[in-house]
Each structure stands twice: as C-alpha cells, then as structure tokens.
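I'd like to ask some things about the structure below.
Should a chain be cited, it is by its letter among A, B, C and D, assigned in written order, with residues numbered from 1 in that chain.
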Amino acid sequence: MRKAITVVILLGIGVLFMLMVAEMPLYGDPNAPAHQGIMQKYIADSARDTGAINTIAAIIIDYRAYDTLGEATVLFVAVVAVTAALYGGYEHA
Amino acid sequence: MPSLTHAPVLIVVVLLLAAFVTPLLGKRESAVNAVFLGAGLSAFALTLRMTMQVLAQGTLSYPVGGWPAPYGIVVWVDVFAAFSSLVIATVSLIISWFAVCGPREVRNNSAYFTLILLLTAAMQGMVMAGDLFNLFVFIEISSLAAIAIIAIKGTKESVEASFRYLVLSALGSGGLLFGIALIFMITGHLNMDYIRATLTITATQYPLNLLTAIGLMVVGFGVKAALFPMHVWLPDAHSNAPTASSALLSGLVVKVYIIALMRIAYLALGLEIFALLPVRHLFLALSTGALLVGSVFAMVQDNVKRLLAFSTVAQVGYIFLGFGLFSQRAIEGGVLHILNHAVMKSLLFLTAGVIIQQTGIKKLSQFNGLGRRMPLTFAAFAVGAMSMVGIPGTAGFISKLYLALGALDADMMIFAVFILISSLLNAAYYFPIIISAFFGSESEVAATEPATSVLAPIAMLVSMVFFFGLFPSLMVPLVRQTAHLFVR
Amino acid sequence: MHDMILEMLGRVLIPATQLFGAYILFHGHLSPGGGFSGGTIIGASFIFYSLVYRFTAKKHRLKHETSLLFEVGGALIYVGAGLVGILAGRHFLTNQGVFPIGEPGRLWSSGMILLVTLGIGAKVAGTVFKLFQELLEGGAEPDGHH
Amino acid sequence: MDIIERLWANIYYLASVILFIIGFHTMLTHNNLLKKIMGMNIMDTSLFLFFVAIGYIRGGQAPILREGVVQYVNPVPSALILTGIVISVSFTAFALALVVLLHRQYGTIDADKIIALRSKRHA
C-alpha cells in the first residue's frame, strides 16, 4: 500500500519534471536566457578586472568571493561538528 | 567612521572570526567565554547601529568586493533585514549568556560555542543576503550547524533525532538548490533585483519552470521552517537538544527560513507573481493546520520540552498565517510574532532546562508543588506561558491582536476564530502546568532555585516579554515599514 | 605492522602527490584547479601517509593540532585578505586596486586570488585529513587515546 | 512529436531530473542509513549535472581565456557547483559521523530496528 502511494507520487513528480524539461531552453543554445545575464561581462573583463585568466577562479575568489568564504565556513562547520559529535569536542587532541 | 558603512558584512565577519579563533584557545575556558560573548556583544552593537542607519537613510546595499549589482554579491539590508538581524543578535546574545552561565550539558564548551557562533553568523548572513546563491550558502551553514548543536549532546535520542533532521534538511536543500538552478536557467542572474526584472520578461515564456522552481523552494523552506505537515522532524530534534540549543533552534533558526522565503518572494520573484499564484492560499491552509495540529499534539504531551516543541509548530503557523492573510496589519502581526515568539519561546525553553537540571524531572505530571520550591523559575515560566496564551500586557498579546485584526481587514473572519481557538488550546495546556506547580500537592523532590547568574539571562527575557507587551510602539516603525514592503 | 611494499610506494607517491597538489594550487588562476582541488589532493597524500603507517608508530602520526592549525590558518588568511580591503578604504574582499593584480597569465598575478587560493588549499587539506582521521578513530571504541 | 524532440535535445536535463527522483526515492524509502546517505549524494550529483548542463554552449571551450577562441561556455554554473560540491561533502561527512555514532549506540544502522529499539526502551 505504502509502496503504491510512493510510486504514484514519484510518477506524478516525474511527469511534471518531464513536461518541465520539454519546456526548458534547448541544451547548448547560445541564446538561452542563462547566457544573457552576467556571463558576458565575466568572459570579457575577468582578465582585466582580476588578473586571472581562469574565469572560474576569477568568479569564485573575486566576483563572488563572499560565497567562497561561506563555502570554506561550511567545511569548518563540518569539521567542528564531526569532532564534536564523535568526541564532544577537541579535548582529546 | 569607515567601519559603520561596512556593518552588513562586519556583523557576519566578527562572528566568523570568533568562531575560527575559538578552537585554538582549547581548554582555556575563560578565554573561550570572553571571545564568545565579546563577539556576540560586538555583533549586537553593530546590528543596533545598522538598524538606526536603515531607519534614518533607508535600504543599505553593500557590494562585497566592490563589484556592482549584477556581477558581484550584494548584501541588501532593508527594514525587514534590519529588524530580523536585530532580533537574531539580541536573542542569540541572551541565549549565549545563558550558555556560558547556565548548567553545563555538553562535554566540551569550546566546540559548542564555535557551532553557536557559526550558526548565528549564518543566520545574520541569511537575512541580509541580496543574492540567491549567497542565501543558499548561508542556509547550508546554518542547517549543518543547527543539526550539530543537537547531536553534540551525545545521547541516543539526540543523535537519532539529528540524523532524521539531517536527512530531511538535506532533502530541503536539494529542493532549494534545484529551484535556484531553474531560476538561474530562465533568468541568467543570481542577484535578486535583477532576477525580478528579468522575470517580468521571461516568466511567460517558461511558466512551468518558474512554477516548479517556486514549488520546490516552498517545499525546501517549508521543511526547514517546519511548516505543517513538514514538521515531523521538529519535536524530536528540539526536545532532545541541550537547553541553549533548543532555545536557539525554536526561537530563531526556524524563523530565519521564513524570513528568507519571504525575502525571496518580494525581492526575487516580485509580488505580482506571488499574488498570481495560489501560494497565499497554500500558506493559509497549512498554517491553519499547523495552529490546530500543533496545539492539539502539545496538549497530549507529558514531556515539557516536547510540549514546547509542538507549540513551536503551532507558532510557526501564526507567522505563516500573517503572510498568508496579506493585509497590512496581518503582516505586521506576523513580523512582530517573529520577535515575540523568539523572546517567549527562548524564555520557556531556558526555564524548562533549568527546571529539568535542578530537579531531574521532565514529566509535567510530576511538576506539582515544584513551583513553591522554585518560585522565581516557575514565575518566569508562567510569564512565558501567559505570553504564549496571549494575556494582555505580554508580548504575545500584541502580535495575536494584530493578526486577528489583520484577518478582519482581509475579510477572513474565520481565521480570527482560528486564532482564538488556538489561544484557548494554548491556555488549556499551559495553565494546568502552572496551577499544579504552584498549588498542587507538596512535592517530595528536594529542589532549589539555581544560582543568580543562571537566573539573570532569564530575568532579562522576562523583562523583554513585558517590555514588548507594554510598549509595542517601540518596534512599530520597523514593523510598519516592513509590512509596506509587501502591501503598498 | 610494517608493510614494505606500501612503504616503498608511499615514498615515491606521497611526494609526487604533494607536488602535483602544489602545482594545482599555484596554478589555480591559470588553469583548471584551484584551492579546493589542490587542497583535496594534498589532503589525500596525508591520508595515504596515514594508511602506509597504519597509525602504528606514534611518531609518524600527524597530530590533530597540525590539521587544526591548517584549518584555522587557511580560514584566517581568507578573512584577513578580506579585511585588508576594508583597511584600504575599499570594500570587504576587494581585489582590484588593493592587491597587485599583475600581468594576466603570469604565475605571480591576480593578487588576492592567489593568496586566497593558497589559504583555501591549506584549509581544505586540513579538513580532508581531519575528517578522515576523526571518522577512522571515531569508529573504534574510545581507547583513551592520548 | 515536438515534445519528444525537445526531450531528446534536452537529454542531459532529463537525465539529471531522473537521477534527482532516484536520489529522492532512495533517501525517503530505504531503511539502511548508509543507503539514505547514498541517496542524498545521488540527488546532489544530479543537481551538479543539471547546473553544468545549463552552462554548456554549443561549440564552447573551457573558460580559460586564451587566443583564438570564439566561444566559451558559461562559467557561472561551474563556479556555483564548486560550492555545491563542498556543501555536499560536508553534509556527507557529518552524516557518516552520525551513522558511526548511531552504530556505536544502537548496534545497527537500520532505521526500523533503531526505532524498534528506542520504543522498547521507552516501554
């Protein structure tokens, strides 16, 4: 019974997602909205603005460096959390 | 002074720096406590100053890294953000104070305080984020830290509850990230202002994508904010955590996700889209369910912390109800309830923690007569309970009044009735506790009042309950302007 | 326990892995890679080191404090680099105009990006190793270690 | 059939959506806690695939700036994914630590058995 309900729900989500995929902008289309927004400036200016020719590095550590600080913090949380959960803290160190 | 214009990031950075430094201090407890409280205090001072500035000058926008709006990350502090940030800073400071002075429940305070600092930093960053992905990063930090401060207690129940919380929270995060990906796909922007501007053009082209994105986000935030019926993880998680964690989780963490969701609604999607979709009606239906189910389940609990946790489910319903009714006064009530519930639920959890610590009793049925042994603690508990019920003169009354008036404004009398019913249910489970504690038969438990240093933060919260109940006008400018963000 | 083959392999592979990780770290702004990937590779070399010596010889054991220092040091470098921007009268985490950007394409270029990449590398290496260590030792019953 | 053609053109999106549902299903229905964690990872990975697929532009090269390249792919999703991966790693590590703890305390990693053990203790 529970299995049947799960299957029905998942099928429903699947059909919804499939219709959604059919509606999405086509894969690889240069005119898709995702490529019209902020991307052009990053490609054009990142070397001049940041001195990095790896655009991704320029984005993660310059344009969006605040995100990456958060990312480093997530790792820090994970370490503190794992240590705290397994030992109740750093005391064993 | 340069530092004041940098307040929006400095608040987060100060807390993060303290969190990074704390593990280095190791076992030097007084140093750890000093860093912990010092960071909380400075964050509070910065927040206060920033709120004044927002009230005087209007919205602050801070481009991190100096990159202007669509290219860099912008921290966007409007009145709602300033209000939320002030609530977080105030309540978390008092809870931190309790965590330092109160009974020790965690083997290692240094790791515990680090996690609390990280959690507070993430919440501050979340309510001020002006960028969709930046918001997501802070949500993840806070989710992980929130789970960790439950698991740190180390009992079987707390570990199991935190694992269940982790699984559901990860599901919510998945939904959120999917939603963000869909929105990026159809707009090409991450800055909320620019998303809104682009959506006015592309929304008609990709309606199903947008709809799914909104649905995924509502579910994602709903799981994290314990919106009925996605609240199943909350009672176990909140009732098995250490006292200070319970207060933080019920008082602040759950609400921060509501704030984030509402900020996405008016900043990133725009109120036009929000009004077009049946999201409001969904909120109304679910919050009514939360009000009734939370209250009814709270009535049948015998464990005091579980009762408080179920009551949180109901109170989350009040806040969603305010946004669902969507009239000026209803939103003011919902926003005020974020503050009031944070204060009174922290008060209740802290006093409950003190009672459990002093007597070893968790069961309500064994509370009779304890009130005469610990009059101060139980008086504080009674104040929190009265505020929950909505007795005039306490903070809880004000927000419920605004919500009820807002329901009338929106021509939905029925919800005013629901608020009344829920308040009566609250009375039905809070008053018997107090009555039996003070007037019940003599208890055989040898219970004494805790030390004054433990009672001090609790007294602070009690005074805040009365203060916001008697002088609600203090918060009015912030709350009214916040409501104007939604209803123009 | 001492495993000859593992140890000989380790002698060759560990420095090679570390060198490769350092290369990825230092070229983060020039080629695919950066702090997270480079840090993970260096962290993997620490893990390999632990596996080779199997936690037996106490003198070979990397201390918990060491990985903690890596962690915190990396994070502090990041926040510090951000605060330099504020002290210079600009915004938090400003690169352009605060740090010397240099000529794009050279190794010593891109100012803050290189500095922060190194910080992240240290942090991630510390994290990866510490997570491994905690999960491995936490799995056994606490034997009153240290 | 237009819809089939569009689905075929968007096959990477479709694949990631299917992976998402598989992960979702694994996470909710499996009793083994480790399988739940695997489901979590499948779900996250599907989102990474989705993001990277959004960023692709036909004929585009990796966004390392150099002479003679006309079209680069969109670097933004790749940058975001890095964050996503790190978050996923952190969640997985913490979840594994909790499983270690649960195994130490209950002696099993089966969710049903844990619940049964817990209710027996309460009774």
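We adopt the following convention: a contact is a pair of C-beta atoms (placed from the backbone, for glycine too) under 8 Å apart; a residue touches a chain by one contact, two chains touch by 3 or more.
Being a predicted model, the structure only gives us computed values, none of them experimental.
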For chain C and chain D, chains touching each: A, B
Between B-C and A-B, the pair joined by more C-beta contacts: A-B
Furthest chain, CA centroid comparison against chain A: B
Where chain A and chain C are represented by their mean Cα positions, the distance between them in whole Å: 22
Computed distance of Cα centres, chain C from chain B, in Å: 36
Whole-Å gap between the CA centroids of chain A and chain D: 11
Residue list for chain B, restricted to those that touch at least two other chains: 9, 16, 20, 23, 64-65, 133, 137, 140, 144, 147-148, 151, 154, 159, 184-185, 190
Per-residue multi-chain contacts in chain C, two or more chains: 30-32, 34, 68, 71, 75, 79, 82, 92-93, 95-96, 104, 131, 134-135, 138
Where chain A touches two or more other chains, by residue: 17, 19-20, 23-24, 34-35, 38-39, 42, 47, 53-54, 56, 60, 62, 64-71, 73-78, 81-83, 85-87, 90, 93
Graph class of chain-chain contacts, one of line, ring, star, complete, other: complete
Residues of chain A touching chain D in the complex: 6, 10, 13-14, 17-24, 26-30, 34-35, 38-39, 42-43, 46-47, 53-56, 59-60, 64, 67-68, 70-71, 74-75, 77-78, 81-82, 85-86
In the complex, chain D residues that touch chain B: 20, 23-24, 27-28, 33, 36, 40, 43-44, 47, 50-51, 54, 76-77, 80, 83-84, 87, 90-91, 94-95, 98-99, 101-102, 105-106, 114, 118
Footprint of chain D on chain B - complex, ascending: 133, 137, 140, 144, 147-148, 151, 154, 156-157, 159-160, 162-163, 166-167, 170-171, 173-174, 177-178, 181, 184-185, 190
Chain A-touching residues of chain C, taken from the complex the two chains share: 28-35, 63-65, 68, 71, 74-75, 78-79, 82, 92-93, 95-96, 101-105, 109-113, 116-117, 120, 123-124, 126-127, 130-131, 134-135, 138, 142, 145-146
Chain C contact footprint on chain A (complex, rising order): 47-54, 56-58, 60-62, 65-66, 68-69, 72-73, 75-76, 78-79, 82-83, 86-87, 90, 92-93
